[in-house]
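Labels run A, B and C following the written order; every chain starts at residue 1.
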Amino acid sequence: MATGTEPQQNSGGVRARTRAAIAAPHLRTDRWWLAPAVTAAGLFAFVVYSTWRAFAGADYYAAPYVSPFYSPCLAQNCRTMHAGPNADLFGSWWGLSPAIIILIFPLGFRLTCYYYRKAYYRSFWASPPACAVAEPHAKYTGETRFPLILQNVHRYFFYAALLVAGVLTYDTVLSFRDTHYRWGHMGLGTLVFLVNIVLIWAYTVSCHSCRHIVGGKLKHFSRHPVRYRAWQFVGRLNARHMQLAWASLFSVWLADFYVYLVASGVFADPRFF
Amino acid sequence: MSVVDRQEWDVVVVGAGGAGLRAAIEARERGARTAVICKSLFGKAHTVMAEGGIAAAMANANEHDTWQVHFRDTMRGGKFLNQWRMAELHAREAPDRVWELETWGALFDRTKDGRISQRNFGGHEYPRLAHVGDRTGLELIRTLQQKAVALQQQDFKETGDYESRLKVFQECTVTRVLKDGPRVSGVFAYERESGRFFVLEAPAVVVATGGIGKSFKVTSNSWEYTGDGHALALLAGAPLLNMEFVQFHPTGMVWPPSVKGILVTESVRGDGGVLRNSEGKRFMFDYVPDVFKEKYAESEEEGDRWYEDPEHNRRPPELLPRDEVARAINSEVKAGRGSPHGGVFLDVSTRMPAEVIRRRLPSMYHQFKELADVDITAEAMEVGPTCHYVMGGIAVDSDTAAARGVPGLFAAGEVAGGMHGSNRLGGNSLSDLLVFGRRAGWHAAEHAARQAGDRPAVDDAQADAASAEALRPFSAEAEAGADRTGEAGPPENPYTLHQELQQTMNDLVGIIRREGEMEQALEKLAELRVRARRAGVEGHRQFNPGWHLALDLRNMLLVSECVARAALERTESRGGHTREDHPTMDRRWRNANLLCALADPTGGLAATDPARGQIRLTRETTEPIRPDLLALFEKEELVKYLAEEELYE
Amino acid sequence: MSSYEARFKVWRGDVEGGALRDFTVEVNDGEVVLDIIHRLQATQAPDLAVRWNCKAGKCGSCSAEINGRPRLMCMTRMSVFSREETITVTPMRTFPVIRDLVTDVGFNYQKAREVPAFVPPAGVGPGEYRMMQEDVDRSQEFRKCIECFLCQNTCHVVRDHEENKPAFAGPRFLMRIAELDMHPLDGAAETGLDRGRTAQDEHGLGYCNITKCCTEVCPEDIHITDNALIPMKERVVDRKYDPLVWLSSKIRRRTS
């Protein structure tokens, strides 16, 4: 009757005692499971592939191309890549594949990304599997406590991802060389790298943290016209964040796979000029 | 002995739309413990449907705008039948009421220099409507709702109880205003959710229940608009004023059938939309009445130039007051030049880029896309008249919003009469809500304070009678065989009765009226009244819509009779009242008010005795317009409206 | 294009229990689900409880679940279903049921009260407010909200976990906080009220795992997650989880 009715203190989700007595956990008739299933399959495939490639520690360089999984390469056991992204910060004690060092950053960026969070919370965690479909968990605290409270570090991964994207841009520039490191040449790999770097940047810049930093945090856009424009630009990209997340995931896979094929000699990079 | 729950309050506000909430906020801020009762959930009132804006002469868009110009436009729109003091207060106070909303968090669309943007609207000389896209009503209701919550938060800090000084009883319906002698003593209400009855005792009651549109078949009004406040006032002994004036908005949706009547905002025309008939002609140029000839464009070219350069051109006739446009559309359709679904075409798609349409008319775009599968950026809309607003209402004192003859009863908003005369201008209703909502709350609080030492008492017998009346539909079946009137018959389905009532009012007391038809309508209403006594319902009292409708029927029948009787009596055409048999405005009627009162002045249940008509009509002469206000008009204009003797007083 | 008989299952009952009831009912061209529910009331089940009001998607009263999906009944056209389909209509399943399709949405009104109201800026009188359109755009989007509570209903934080209700305001009211925090003239900060911090500490923003169902069901197409919830989470990061900010505030505290 009045505006303030106390919520009932009992648990049980949609089957809680006070709610409409409906036994089914959901009544959806559409194929609601399709999206999470496809998402799970896609992410799983990528994880399997990247685990294999990251631990392989081989076939990641075929002049002038360096796999994005291994760039920058920060240990002594890296292959020397002529003018390439080598920086021996870790020295000789690092015995594992050098990809492990650097992959932490793009992995962390994507793992804490607001889109990927949605994707894996839904598809792997089933929390919830789809809208208005009951989740199987008895308790839920979301991102209020450890470990999920760590999702809040997304912004720092964003800064790191900017650096990585910078290095990958450098790699793309290097791909305008031929196998003898002479400038002004292009091969099919150069195109793959170009597409990849554009998508990587688009995905990185379209990030929600970026949107916040460039302007979203402001109270008065009218006093910061340049940042307002930047915010609008990022906002337009941000609306496509999901598509960019998938596209750039695919392109980074393609770039690595391309390098693998060339480096392992399965395939010769067709040169344009 | 009455067993219903009772609570004591200082002021009870019936209705939580714009007027009700504004009244409640004012009363609470003036120290009165205030209860608000509304039929829907808090924040769902029909005010959310208002689209165009709030008319207020803030002069943000045109520096020449003043309250005097606004007053003039309002009087012209109402064909000089307005209660002029209300029109004056309204025009003077509207800007403050709008600015006040900003301090409560409202976010209107802005001008380039950061002030409140104002848009053009029919009948307004300057761009005057403060707006938020085309969802101004939502902004208004949400702002008032949030202000009410802010006050509750204050009370919580001070008393530990959110509802100690301002409480909303949502989803409750008031069926009777209770009285102690001549004075108001409280209200009798039921909870829709549980069907439980309760009484709120209060020396002051503000009625702010809105309109009567649900008595008509094609209407833009929601289910709540069953004329409850009008009926409550009548039953409490207060007269209703000029009920014959019902505004048919010219542009309602005509298709699909299930949404027929839903409003297409006037801003579509204010922003450049044009009306065309099936021959592609902009027919409004043929329908400019003499009194408006000098104010409106004579050619399409001039009309089109006005959007860009209003200083040097006259406005297109699509922006004539609503009554004129509604009649014009009606005539076109009758002449066989209508659209496939019986309306005319309203087109913005050829007038504005799609992007602009989506930005300026987002909810219209949405509404047509979702409900009619029509993309208004690509094709024309089909529109036709729909019952929209009742200018008539509870007769009130202009300054205090007090209902005549019942101390402690106040009325504000659509349910109050007088302000808009015979026809309301778009945008004037939201400002009306704020201006008179505040005044009603203010004077109700003062009235309650004055009664503090001698609070009127609630009479148990009245509460019992109200309770018996409300329970009647459950026993209707048992009584059906032996009806007290002796007219036995089968139990009636309230939904069927409602449909018949709507059809009757739509067909016989609709946009164009004829003497014979209205007499027929009165006969039909009498028949429906008899049958309504047998309206029975199944089930129990918990959230039972059939029961609720059966109770609302009493109000709709009362109000419909008022409309029909007053419309039959007024033998002229003016504003929202068009008589085919008296097609012109008659200056002798300019200063005539028609008042409806209950035929049985005891106001008891006997008043619903079906054998006789329930309404007695009286005619009174209006108070002469104050000379300084009259002086705002040119003499040449006044001679068109005023009777000889009024001019030379 | 004509009328046909459609099969409906409508949940009827109250807090004591209930079940899906079968109906066969006429459907005409251009109708929406609410029309059909009204036809049931008028012809077969006069006491079928349903909440509705404007019938034009502007008031947000007729929220329900149609074939398991949270929707407004007045904005769900019958033409989106095939004629063979059985259409299931149930009340919202997150709130206590009252009767048939009507639920007790008091939870939302409770939460509305817990969000501190707009604080008028000191020293700016009525009529003196100056705000630029680009500064009000963001909050205006959130003020399109018609309070249908479908987002509150679909949010798994409370839908699947009744025990979270006290701690979690829900998308509608976290968005309300965002609206006020982005209001160009809100003076809360000057009075010592940090809306971002309270969003996390008092209104349960951390419970949100941005799975976007609120955005998916919003009949007003408000980008609740992208434009309100995530920006609020970022504002919280500014205040609470940014080590640089934390460090500088430590230093400032020490020096002051």
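Operating definition for what follows: a contact is a pair of C-beta atoms (placed from the backbone, for glycine too) under 8 Å apart; a residue touches a chain by one contact, two chains touch by 3 or more.
Only a predicted model underlies this, so the values are computations on that prediction, with no experimental measurement involved.
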Per-chain Cα mean versus the mean over all protein Cα atoms: which chain has them closest together? C
Name the chain whose C-alpha centroid is most distant from the C-alpha centroid of chain A. B
Between chain A and chain C, what distance separates the C-alpha centroids? Give it in angstrom. 30
Please work out the Cα centroid separation of chain A and chain B, and write it as a whole number of Å. 56
Mind pulling the chain A residues that touch 2 or more other chains? 3-4
Residues touching two or more other chains, restricted to chain B: which are they? 42, 162, 193
Flagged in chain C as touching 2+ other chains are 109, 113, 132
Quick check: in the complex, which residue numbers of chain C touch chain A? 11, 13, 15, 17-20, 65, 67-70, 85, 88, 90-91, 93-97, 103-104, 106-107, 109-110, 113, 132, 134-135, 154, 156-157, 159-166, 182, 184, 204, 206-213, 216-217, 226, 230-231, 233-238, 240-242
Touch list for chain C against partner chain B, complex: 14, 28-32, 35, 41-42, 46-61, 75, 77, 79, 98-100, 102, 105, 109, 112-113, 116-118, 120, 126-127, 129-133, 136, 139-140, 143-147, 180, 183, 186
Which of the residues in chain B end up touching chain C in this complex? 40-44, 46, 48-49, 58, 95-96, 99-100, 102-105, 107, 109-110, 113-115, 132-133, 135, 138-139, 142, 146-147, 149-150, 152-153, 156, 162, 193, 222-224, 255-259, 262-263, 363, 366-367, 370-373, 493-496, 537-540, 542-547
Where on chain A does chain C make contact in their complex? 3-14, 16-22, 26-30, 114, 117-118, 121-122, 127-128, 131-135, 137, 139-145, 148-149, 152-155, 208-209, 211-212, 216-217, 219-222, 228, 238-239, 241
